[in-house]
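Below you'll find a set of structures to go through.
Two complexes, one shared chain (subunit A), two partners (subunit B, subunit C).
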Partner chain A sequence: MKYIPFLVLLLISILITSAMLLKKDDNNIQNYIIGTKISEFELPSLYEKDDKFNSKIFHSNGWKVLNVFASWCQQCKSEHKYLKKLSKIIPLYGIAYNDNPIKTKRFLDKMGNVYSSVGIDEHGNNAVLIGISGVPETYLIDGQGIIRFKYLGALDDKVLDDYIIPIIEEKKD
Partner chain B sequence: MVELAHILLILSFAFSNFQFVSSLFCIRTNDVNYLKYCYISNSVTFFCVSISFLILIYSFVSSDFSVKIVFENSHYLMPNIYKFFAVWGNHEGSMFLWVWVLNLTGFILWIWLERNNSDIKFKSYVMSIQALIYMIFFIYLLFLSNPFSRLFPVPMQGNDLNPLLQDIGLILHPPILYIGYVGVSSIYILVIASLFNNHIDYKLNNLIRPWALLSWSFLTLGIALGSWWAYYELGWGGFWFWDPVENISLMPWLILGALLHTILLNRKDNKFQKWVVILSIGSFGFSLFGSFLVRSGILNSIHSFSSDPLRGIYLMGIFFVLIAGGYLLYAVKYNYIFNNSGEKQTKFLDKVLILKVLLILTILFVVVIATVYPIFLEFLTGYKISVGTGYFETTFVPLSIFILIIMGFITIYNFKKFIYYILIPLILSTIYVCWLLDVKSFIVVCGIAISLWVCITALYNLKDKIRKKSFFAIGGLISHFGAGVLALGITGTTTLSKDYIANVKVGESKKFDEVIVSLEKLHTGVENNYNFLKAEVKVKIKDKKYLFYPEKRKFSNRGMVTVETAIKHTLLYDVMVAIGNIDGEKIMIKVYKKSMVTWIWIGAFIMFLGGFISSLYRLRNRKKQ
Partner chain C sequence: MIILFLLLRRKKIKDTLKDIARDIRCLVCENQSILESDTDFAINIKNYILESLEKGLNRNEIIDFLSSRYGDFILLSPPVSKYTILLWVLPVIVFLFLLFIIINNKNNYLTKKETKQINIIKTDKKKFLVWSFLFSFLLVTAIYYNIGNWGMADYPQQKILYLDSKKNIDKLLYTARSWREIDEFESPRIVKINQQILSIDKNNVEANWFMAIHNLEIGNIDQAYKYYNSLINSINDLETKKVLVEQWKDLLNSKK
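Right after this comes the complex of A and B.
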């Protein structure tokens, strides 16, 4: 009787610790959005020469990657070299989330622009509509505008090799 | 300078060790001199941590980018005020704030104990447990989350703070919430010390009560501030999103509410002393569990900052050692808890109180399940789910309504008095409020009546207590009154808020049930770097007219369009007006009316005041109780 609170707590602790230790690596993959069509949106482009940045881009002409970033985001800097790697095999589109366009431009000038086109969501007003939950975030979208893969957080070699590149290569076959 | 701060932090860790050892000696020998060493080291620790924290703030203000967290979270051009408060806009800094508040409450705790308690053994137990908690958190700070990590070479410019955090909310919300979270540690320390001391009776209740009140009131204020912040930061949408992090802050708040009422149950005879012990340990458990869940990165949210698995495991370890250890101690010392077996008949009002405690615990259970279940489900099956609003509406709302009804139960056995002082004012005020808000639905009338029932019974009791000059009960009643106001606000916001969309030409107006929207004027103009379309919109709600000037801006260099919403706050409602699509001559005007939303924060603030007054009163007058 008197041990009940202790035992309950012991059980909870064991459960949580095991949940944490056995936590799968794919924790950052957002499963429920995979297989759904990307929602309609339209954003202004960062560079004037580009057309409007809207969801139609993703509805034709093969597979694309959509990457959400911001100049104030630390992890976006660390994932940049992986994006560079990725941009060699697939066209990359970016959305600057909650970011001042001048700062975004400065950021891209400094790091090197890997994107075919960049849309700006200056106040984050369109984030919920698109399904953005934070930065960085990477979507893999097929030629019909269907999301095939979504990763939350910074990309690294493991994510590229285990998920993104196999999916891209599979579609080529 | 930063090195000095780092050394001071290490020094305070050393001094908390010293405090621990000398308190052990004191327990052994019962010698007051050792206790003095404890006090000295406690003060030195507090002093060192404070100076160290100030230096960290200084390095933020002076933009010293050689410090890693300054580099990551600050910027030369950031306004000075945000530079200052960016200290706790990141993981390391916020944990430092946590530790500083811990030291602050610890410091106040010993000064207070020294004045009010003469049991040397008990005090030395308090000192040793306090030192243990200090040590645990200093280790965390120094080895796993060091705020003074340096960068070399020194970067020229910082990374700026997440824009969502650059806000007045950042200044107030974290410290106040932390006082609530960390204040609970005092309750824990006092209870565990009494367990070690082999003596637990009603005196413990008087010891922990002011601290429980203090933490509860600051948690109330902190949660309300967070909700207010989210309300306007996220576009004046809702006030509560049932986000896991919001729920986590609710858990210690609820369990403290249960604890406070259990203490009240014990005021005459100690039938429920065991419950006091269980709930006290549990409340610190939830406070740690919350910080563990948020910081471990298991939950994704704006609060999680960067995540590091090692930190999560260490925090989990802290949680396990302190809380499971506490419950083990409870089991071992079970026989020392003086619990009256309850020969006396339980009075009607006490039965109501028991029901209330049980209801609060049920709500707590509901919230815990909703927060923990998705984590386990993901762990077991790999599915990611999030518990939606629907779950809470079907569980939380009926339970809260039940609690609100019970809250109003009072001791009036005189039927005539009940009619005159409660029933008639209740009916009249309900009619008045419903008339003010134009309520037509019966359910809403019921909701308003229940909220007012809480307010009126609390006021009646307040009058009664003031006449009898029993000031101890005043705080609780003020809080109950606040809860009624809060309930009124929530009822109004969730049921009476409405959106209107009018497609109108200039000069035209459109009438909805009680609102007339008319587009008076429209003019365009040029500002520095944008063209704007400004509308003058008159909104007539009942007899009151408001003028709004919403804008649509088109930035010339980027072709970007932004919408500037015009907002008016009144006591009864917040009204927002925005310009929507333009179709030829017709312009879409969107009007959002959020009823009673201000009352939520007024109510929460009254709740805070009640708890705060009561805790101060009890802290000062402990001896007289």
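Right after this comes the complex of A and C.
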């Protein structure tokens, strides 16, 4: 009888620790937003020859990737080569978040433009509508405009191989 | 009358904004509400709340939208759902269980008075055990419920942003310098803090120099010259003036 409280506390702590250790999910993967439709928004395009950058792009046929970046963001540089890799498989769309258009252009000239079209959200006015909390951020969106995957932070080989590429290949079948 | 009405409406909206902002977590900070934070993320959310309040949305609609975009984690106190029920119920269960043990033990040694007298040292041990359990339980619950609030204690960098006296210019400058070491490009927060320094002291050399170069970079030549002129006018030392003028010429040439 004397030891029961001990045992109960021990059991609870073992349960909690094992739950923490067994948790495999990457914290940067945002599950709550999967399955919701992307909100309606309209942004000016970075390159004037393009049409307006709005949410209708994502309602037409085909899967697309939406990537949020900024020229002042260090991690966006490091994920650039993975975006290049991704752009060979699927069309990429970019949003320059909280960034001056001139600097964005310079950034893309320097790094190489991987996007089919780039929208500018210079003061972050549309960030909350879309669900942007910072840069970099990557969304995978299907032909109906439904978000199928969201990742916070810089992409790397692990994210591409474990999540994004399998999801894209699955829809082809 | 109309002006009074508008003013009252404005005040009501501001109060509601504060009320909502207090409960929304700033996702890019360490356990702060967006009310206490000045990051881009917090400002965006506050603007969004303000806009939707002006449109006539109510508190629940706004919070629902935010948690649909950013998840339940954005709410500072987690809502009761099938995933969080353990979080809310566990402390109560543990408390009841310990209470049960205490009462049980008490009965044991009240009814058997003789054994109590004989084993006086034993019961003392028991009492000690019970009290130590109660105490540790209280400690654990206190930690459990307060751990979220402890993180809010001190954020010097964030608090400085609210202070507007000349004394704090050194602190602001220090913050700007340390941010410039972290961010390679001139990030929005560095531009913002330099504008803040200039709003307190418009002749500040360092901030003027930064803003001049920044505006030159993004192509606002007029603005750049404005900052450059106020910089040059505020310097008395001839040597420094010469150095700065030459550097400025170099910069202009490199742009061309």
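Methods note: the second predicted complex is superposed on the first by the 148 of 173 C-alpha atoms of A that agree within 3 Å, B and C clash if a C-alpha of one lies under 4 Å from a C-alpha of the other, contacts with A are read in each partner's own complex, and residues count from 1 in each chain.
Here is the rule we go by: a contact is a pair of C-beta atoms (placed from the backbone, for glycine too) under 8 Å apart; a residue touches a chain by one contact, two chains touch by 3 or more.
What you are looking at is a predicted structure, and each value in this text was computed from that prediction instead of being measured.
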item	value
Partner chain(s) touched by A:G131 [first = subunit B, second = subunit C, both, neither]	second
Dominant contact partner of subunit A by residue count, subunit C or subunit B	B
Partner chain(s) touched by A:Y3 [first = subunit B, second = subunit C, both, neither]	first
Touched partner set for A:K171, first subunit B, second subunit C, both or neither	neither
Partner chain in contact with A:T36 - subunit B first, subunit C second, else both or neither	second
First (subunit B), second (subunit C), both or neither touched by A:K110	neither
Which of subunit B and subunit C A:K84 touches, first, second, both or neither	neither
Which superposed partner A:K56 touches (first subunit B, second subunit C, both, neither)	neither
Which of subunit B and subunit C A:N98 touches, first, second, both or neither	both
Touching both subunit C and subunit B, counted on subunit A across the two superposed complexes	2, 5, 30-32, 71-74, 98-99, 103, 124-125, 133-134
Subunit A residues within the subunit C interface of the complex	1-2, 4-5, 8, 12, 30-33, 36, 39, 71-74, 98-100, 102-103, 124-125, 127-131, 133-134
Contact footprint of subunit B on subunit A as seen in their complex	2-3, 5-6, 9-10, 13, 15-24, 27, 30-32, 44-46, 48, 71-75, 98-99, 101, 103, 120, 122-125, 133-134, 152
Parts of subunit C lying in touch with subunit A, wherever the complex brings them together	27-28, 40-41, 43-45, 47-48, 66-72, 90, 94, 97-98, 101, 104, 126, 129, 133, 183-188, 217-219
Subunit B to subunit A touching residues, read off their complex	72, 159-164, 235, 278, 281-282, 285, 296, 298, 300, 302, 306, 309, 312-313, 316, 319-320, 323-324, 327-328, 330-331, 334, 375-376, 378-379, 382-384, 557-562
